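Chains here go by letter, A, B, C, D, E and F, matching the order in which they are written, and residues are numbered from 1 within each.
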Amino acid sequence: MTDTVRSDWGIPHLVAELRQLRVQALENRRRQQPPRLPSRKILANIVDQLSAVLFPNRLGLPDLTDESIDYFVGNTLDNVLRQLSSQIELELLFARELAETSAVAHCSASDYTLQFAAQLPTIRQLLDTDLQAAYEGDPAARSADEVLVCYPGMVAVIHYRIAHLLYQLGLPLIARMISEIAHSATGIDIHPGAQIADSFFIDHGTGVVIGETAIIGSRVRIYQAVTLGAKRFNKDDSGMLVKGNLRHPIVEDDVVIYAGATILGRITLGKGSTIGGNVWLTHSVPAGSQINQAQVRAESFDAGAGI
Amino acid sequence: MTDTVRSDWGIPHLVAELRQLRVQALENRRRQQPPRLPSRKILANIVDQLSAVLFPNRLGLPDLTDESIDYFVGNTLDNVLRQLSSQIELELLFARELAETSAVAHCSASDYTLQFAAQLPTIRQLLDTDLQAAYEGDPAARSADEVLVCYPGMVAVIHYRIAHLLYQLGLPLIARMISEIAHSATGIDIHPGAQIADSFFIDHGTGVVIGETAIIGSRVRIYQAVTLGAKRFNKDDSGMLVKGNLRHPIVEDDVVIYAGATILGRITLGKGSTIGGNVWLTHSVPAGSQINQAQVRAESFDAGAGI
Amino acid sequence: MTDTVRSDWGIPHLVAELRQLRVQALENRRRQQPPRLPSRKILANIVDQLSAVLFPNRLGLPDLTDESIDYFVGNTLDNVLRQLSSQIELELLFARELAETSAVAHCSASDYTLQFAAQLPTIRQLLDTDLQAAYEGDPAARSADEVLVCYPGMVAVIHYRIAHLLYQLGLPLIARMISEIAHSATGIDIHPGAQIADSFFIDHGTGVVIGETAIIGSRVRIYQAVTLGAKRFNKDDSGMLVKGNLRHPIVEDDVVIYAGATILGRITLGKGSTIGGNVWLTHSVPAGSQINQAQVRAESFDAGAGI
Amino acid sequence: MTDTVRSDWGIPHLVAELRQLRVQALENRRRQQPPRLPSRKILANIVDQLSAVLFPNRLGLPDLTDESIDYFVGNTLDNVLRQLSSQIELELLFARELAETSAVAHCSASDYTLQFAAQLPTIRQLLDTDLQAAYEGDPAARSADEVLVCYPGMVAVIHYRIAHLLYQLGLPLIARMISEIAHSATGIDIHPGAQIADSFFIDHGTGVVIGETAIIGSRVRIYQAVTLGAKRFNKDDSGMLVKGNLRHPIVEDDVVIYAGATILGRITLGKGSTIGGNVWLTHSVPAGSQINQAQVRAESFDAGAGI
Amino acid sequence: MTDTVRSDWGIPHLVAELRQLRVQALENRRRQQPPRLPSRKILANIVDQLSAVLFPNRLGLPDLTDESIDYFVGNTLDNVLRQLSSQIELELLFARELAETSAVAHCSASDYTLQFAAQLPTIRQLLDTDLQAAYEGDPAARSADEVLVCYPGMVAVIHYRIAHLLYQLGLPLIARMISEIAHSATGIDIHPGAQIADSFFIDHGTGVVIGETAIIGSRVRIYQAVTLGAKRFNKDDSGMLVKGNLRHPIVEDDVVIYAGATILGRITLGKGSTIGGNVWLTHSVPAGSQINQAQVRAESFDAGAGI
Amino acid sequence: MTDTVRSDWGIPHLVAELRQLRVQALENRRRQQPPRLPSRKILANIVDQLSAVLFPNRLGLPDLTDESIDYFVGNTLDNVLRQLSSQIELELLFARELAETSAVAHCSASDYTLQFAAQLPTIRQLLDTDLQAAYEGDPAARSADEVLVCYPGMVAVIHYRIAHLLYQLGLPLIARMISEIAHSATGIDIHPGAQIADSFFIDHGTGVVIGETAIIGSRVRIYQAVTLGAKRFNKDDSGMLVKGNLRHPIVEDDVVIYAGATILGRITLGKGSTIGGNVWLTHSVPAGSQINQAQVRAESFDAGAGI
């Protein structure tokens, strides 16, 4: 702070160069104006507050009493829904600029927020089943409370269930940003488009990847570094990637998938199957299968494990 | 802030629904009152301050002088131990509610804090060996100082050594929460119950998992995505998972385990062995072994790499 | 705050013990004074501000107008370059203490900062190609804007391009600390010494490791858990690790490497090759190769996947 | 931050000298332990929150809706009462150390807090009359809302009514600290022991002083620099000041006192009187008096305007 | 934080009582909805930023260089004008609710903000004359820079000139709130409606009061506790106070008024006059007058020094 | 945040106009560069920390224990002296620019800081006498502790004693800025050049002004709105104000001055005198005088109560 020689950094020149690059980039994208996007920092704060609304004692404030808890929940809801509404507004503006008019024709940011809010109790119910599943599935867990405050799998699933709801409502950008907040915090990468039923448990979790069109049944358990990916990307006649087709696995109820297993393509793991560690699997297996490395022959394939 | 129409979100209805779900959840767990749990945010702050106490110049403040450093250390200690004591109090309350009376009969939060504090110099000594091991083990490291401020492996080991001490004192919840703070920051997941001797070095680290009953000797070096896991979970006659049995590997002194290796079950890696990258190993190997993928036959197994 | 019994923690004793250990550690390193090191927290803030300078609307403030944006960019530049200059000063002091005089003989912290600043437009240009590559490479991406705010791969590449520039200027410590900030946030570990050309895209990314001497061409695409590592470390006659030799792969233009592939040693992946998921590869492949697991025989090797 | 010579300040010597002075001071006061006192900063925050509870839209948040306002009020109440209870606990400890056992024998900090909370609606009712009085008494005021957010007199009266309630409950230290927060913000110094009825209005206010035993009726209006002070302090036989006797004026209903007037001693200003600017008054005046400078002869007196 | 008994404060009952009082108050004011008002905290921040815009080196950041200063000014302007526009929006809403439609018919918050911004250079010019006047008028001042960072009179005048501009634009509420921010910080109470020419200097300042219709010429100097007030308030036939009439003094160029002088009513102090300390003056004096206490006979008057 | 039309404020034009005014102002002052000045905000923080150093339990942290208190004091000292040294550096730079070379020839900012630090115990001793004087002088005070946390007079005296020491060392700008921080908080305006002996007590205090060359003996007591000012300013032959002459009163030991008294000029109030409320005094009085309004004839004078 106290050095007597204050140097110049050539700022005016840098500012001009950077402006030129921005103008160029806009022209390349045939845009007039730079987009205004939702903020990751604000969305992270929104998820923290929603977590506090859903589990006020354990993820909100430890000192809440029976008489004060509803005031805390109501006041936090009012704050967080107002903030969420602003972020949704930004996504709607952005979608409009992308000419995705169908997505935004029907309702306002307020409407979206209301629809989202109405589903919060349902999310709480699902998360209660996830908590119970974690408690029962991990011999080290001594209580569901402990799972809630310790397990990265729970962090990922809370974010997923919030993000998935927003994705369903037609807000894929905010949904994806929330998924990536969880990905950064846990190393677990669940696309908000994936459909995951109740009582879902991910243990350890680092390196788990679950693709956009994956479908996961009830009471499924997954360990670290498991991939539910796409076998290959389809290209159309002009060589462009085809978007949106069903390309990720279906995992039926009560399946367990151990660490490092790679499951690729629109295949089905039948109800109650167990997939062993490090297994590489690109074909469906019937209900009740017990798959391990020895049983799986390496298959030839063209492309690999892109998602 | 200035929109003139302020909408209602249906908050009273949501608050009522969420209350009902909380009451239901408490009833399901046969509890009267929601638990009051330690706070992850406060624990993260506690670890930051303990790191500053242990390495005041490098992880505390860069401007400390020889005359000021002890005041910084002493004052930070006073703050951090007071905060830790409050968090321990919350764990003791929680344990009491779980009727784990044995764990809490003997001493107060203050006593626990005192016992913890007394071991801080020992932790510093161990961490000095870890630093030296990292410096010697990585050709890219130019000084131990650089290791301390750069390497995620050091972040994980600092958290582990603090968490393990708390685990040993009978505070498994706080210990686990601290482990998960490191897991989130580094992708390295070391259970606080694992026993790890001096001069331990993890390079890169993302995806490393070390289980609760693992035992690791001196001068062991581990690379990214290594798992020291359980081969299978034992169930009792009623089908419930058996807790607490010895199910993770013993790694003897001077072992090196390269990236992606998976070591499962209560097996022993003999002193001075080297385990190659991506090796899948479920049986013990004698001292001095050099194991690579070619040598390991795939073994059949039932369950996989759960921890 | 209000408990009436305020306990003593034995602080004077702890402070004395910790001082003794610090003195011991300094003596072991033959130093008189503890080093003063750059701060990770400040560097993280610096990268955030540089990101805002490079992409002011999308990573800075959403409310910037055409008339205000240059003021925002110029003012942020002034702040961030001043802070960066202070951190560079600390690295230069540290280097001087390590007797690395050659590195610091030629210029001041201000000079380094100026040289860094002058390259910011070049970094922006490269990042524009990376954004475009991500948009084209991922069927789920609907716009380059979305990639910028969502994709962990972009976070990692922004940090890499900044860190690599600092590394090239002769500031390896700050460079490495910035790399580790990205590693912590994304699970992607790119050594700042690696050389990566334009249009680089990492999808999902958790567990990716790219070593110090790796060279990556234009339009390369990489998926999660890919390692570009060293096959083994060379030791000199006295058994010490040899530093700085070329030990990581060369990846030519237009190569795609799918999830979990491990590429080790100074080998070359020829232009336009595709490496399948989970492939373990330790020899060069010619241009246009299509490599999958079935084609790769497990090779015997001594050491493994250290970097 | 970057100067290479870090100087020593002689801290150990200073610390020792300051300790000796503290020990000396404790001995002079015949104490063993330094007191633990309430915090001015926390009390300022408490008053801000209580203001928000009392006037949620105008002194709380502007965006509250009809459905969210009660949640805001209830949640803020829970926070602020918890904090207040901690501060009361500190005052009770302090009182106990002063051996003022009578004051603390009867109830806990919680009890005091409850009694305080129960009177908040009464305080709101009184403040509504004060607001109305200000609106009617100032030709420049266009609405009571404006008075609430603009007028220093209202700030002083809000603090006074809170502080007086605490004073009545037997918490003179916290009461006084809150009075001084208002004094600092407004230049208006109302002792919390003064008794002031409804519809009280102070305009401009800088320099107003109202003593501990003053009694003020309904609908009184006071301008800047008015003193309601003590004429002299009585001393006992040993020359010590006598505490607690009734030494300040009684101001009856509907009195107006213009700027700079000094009213000293236990005199009575009769109902409906008007006291002109700069008047110096040390004797009672009957109801309906109109006093100005010309009418008042300077009186001889011994001591003056101490309070 | 850790006490095991968590008490109830009777919050639901308090919330209900406070709601009832709010409803009652709204009814009394014949309103349906509580007003949304500008925020004093935000306005204080706005004035701080405007001060930094006007004097960037001395009231902004000390480290600005010649090349960076304009970026700082431009960026701060963008932030502060956006915030000011939001606060103006709230005042316009409030005025509309008060049915003061004339005030708000003509322009939007943006328009007001633009008009305000356009006058900032004029404000800077006036403040430069004020600075020079202070430097010349105080024997203790060594430089105009010192005056700017030290003198409460300058703080008051900066706030006044900003507030007066807003008042002239038709935004009396924000204007008044800004005046009161200065009043709280300095004890100097200048109504934003007062008209004050260039080169104005207030020394010490505590207790100064300048009324709404006062007019002050060039090069006027005022000391602490000076009042430029109204002699009495006129009432209409129904006994209500008449608003807005010209009731405060006119002070011509080059007048000096010493500490404690009280000047009341629509009188004129002629050019170049000097008014001595503690003088009480309610009639005009010609140019060049030298007034002191001995010369002033106490005048009889009815009401006093209300403003 | 979400309004779709983002207006322009004409920022480039404003920035240019303001730049021109700054350039003009510099030219008027015959300067090349704008000054870099100490920061009021940082100085306020410095005084807070010094207060905590001087009275760690009462103005620092309430939870300090006997073993932790010295660490708190030492660590706070290190922080605050470092910050103070930076601020002193700015004043020295500023003085150098003003060509006041004599003031800065002899020592560095570090030297000044050391000299300041060495006097802190002396300041504590003096403040202990002030505390005792307040406790004995106010019938409402129940303990010296209460005085320390409640009384604005103590706030003013703490700031004064710190500022006076800096003034004596030759740092008049920082000294004055600290005085003004107290003036703003308390309405008490003590010039840092005044010389005040031990056991000084100001009660209430709003409006007190004590001039630069005033001398105050031991055990003096002063009430609100007392002025110790200059009778007139001397001008030299050219009509410029003469600086630095002795123009304020000498108040001998054991004098009491009641509220509103105005004492002007280089007169002496003899030991043990009592000056009544509102007295206007411009001549010396012998020891033991009892002065009240009736005894003082209004004196004629030329100029008044400037300081």
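Observations, loosely collected:
In this text, contacts are C-beta pairs under 8 Å (C-beta built on N, C-alpha and C of every residue); 3 or more make two chains touch, one makes a residue touch a chain.
No experiment lies behind these values; they were computed from the predicted model shown.
The pair with more inter-chain C-beta contacts, choosing from B-C and A-D, is B-C.
The greatest centre-to-centre distance from subunit E, using averaged C-alpha positions, is reached by B.
At the interface between subunit A and subunit E, over half of the residue numbers involved are used by both copies, so each side presents largely the same positions.
Between subunit B and subunit E, the centres computed from C-alpha atoms are 59 Å apart.
The distance from the centre of subunit A to the centre of subunit C, with each centre set as the mean of the Cα atoms, comes to 25 Å.
Centre-to-centre, using mean CA coordinates, subunit C is 52 Å away from subunit F. In subunit C, the residues touching two or more other chains are 1-2, 7, 9-12, 15, 62-66, 68, 70-71, 73-74, 77-78, 90, 187, 206-207, 225. Residues 1, 3, 63-65, 67-68, 70-78, 82 of subunit B are the ones that touch subunit F when the two sit in their complex. On subunit A, the positions that touch subunit C within their shared complex are 7, 9-12, 14-15, 17-19, 21-22, 25, 28-29, 33-40, 90, 94, 98, 100, 172-173, 176-177, 180, 183-184, 187, 189, 191, 206-207, 209, 212, 225, 227, 229, 233, 241-244, 262, 264, 280, 298-307. Per the touch definition, subunit A reaches subunit E in the complex via residues 1, 6-12, 15, 62-63, 65-68, 71.
The part of subunit D that touches subunit E in the complex is made up of residues 53-54, 56-58, 62-64, 66, 69-70, 73-74, 77-78, 81, 110, 113-114, 117-118, 120-121, 124-125, 128, 139-140, 142-146, 149-152, 185-187, 203-204, 206-207, 223-225, 258-261, 274-278, 290, 292-295.
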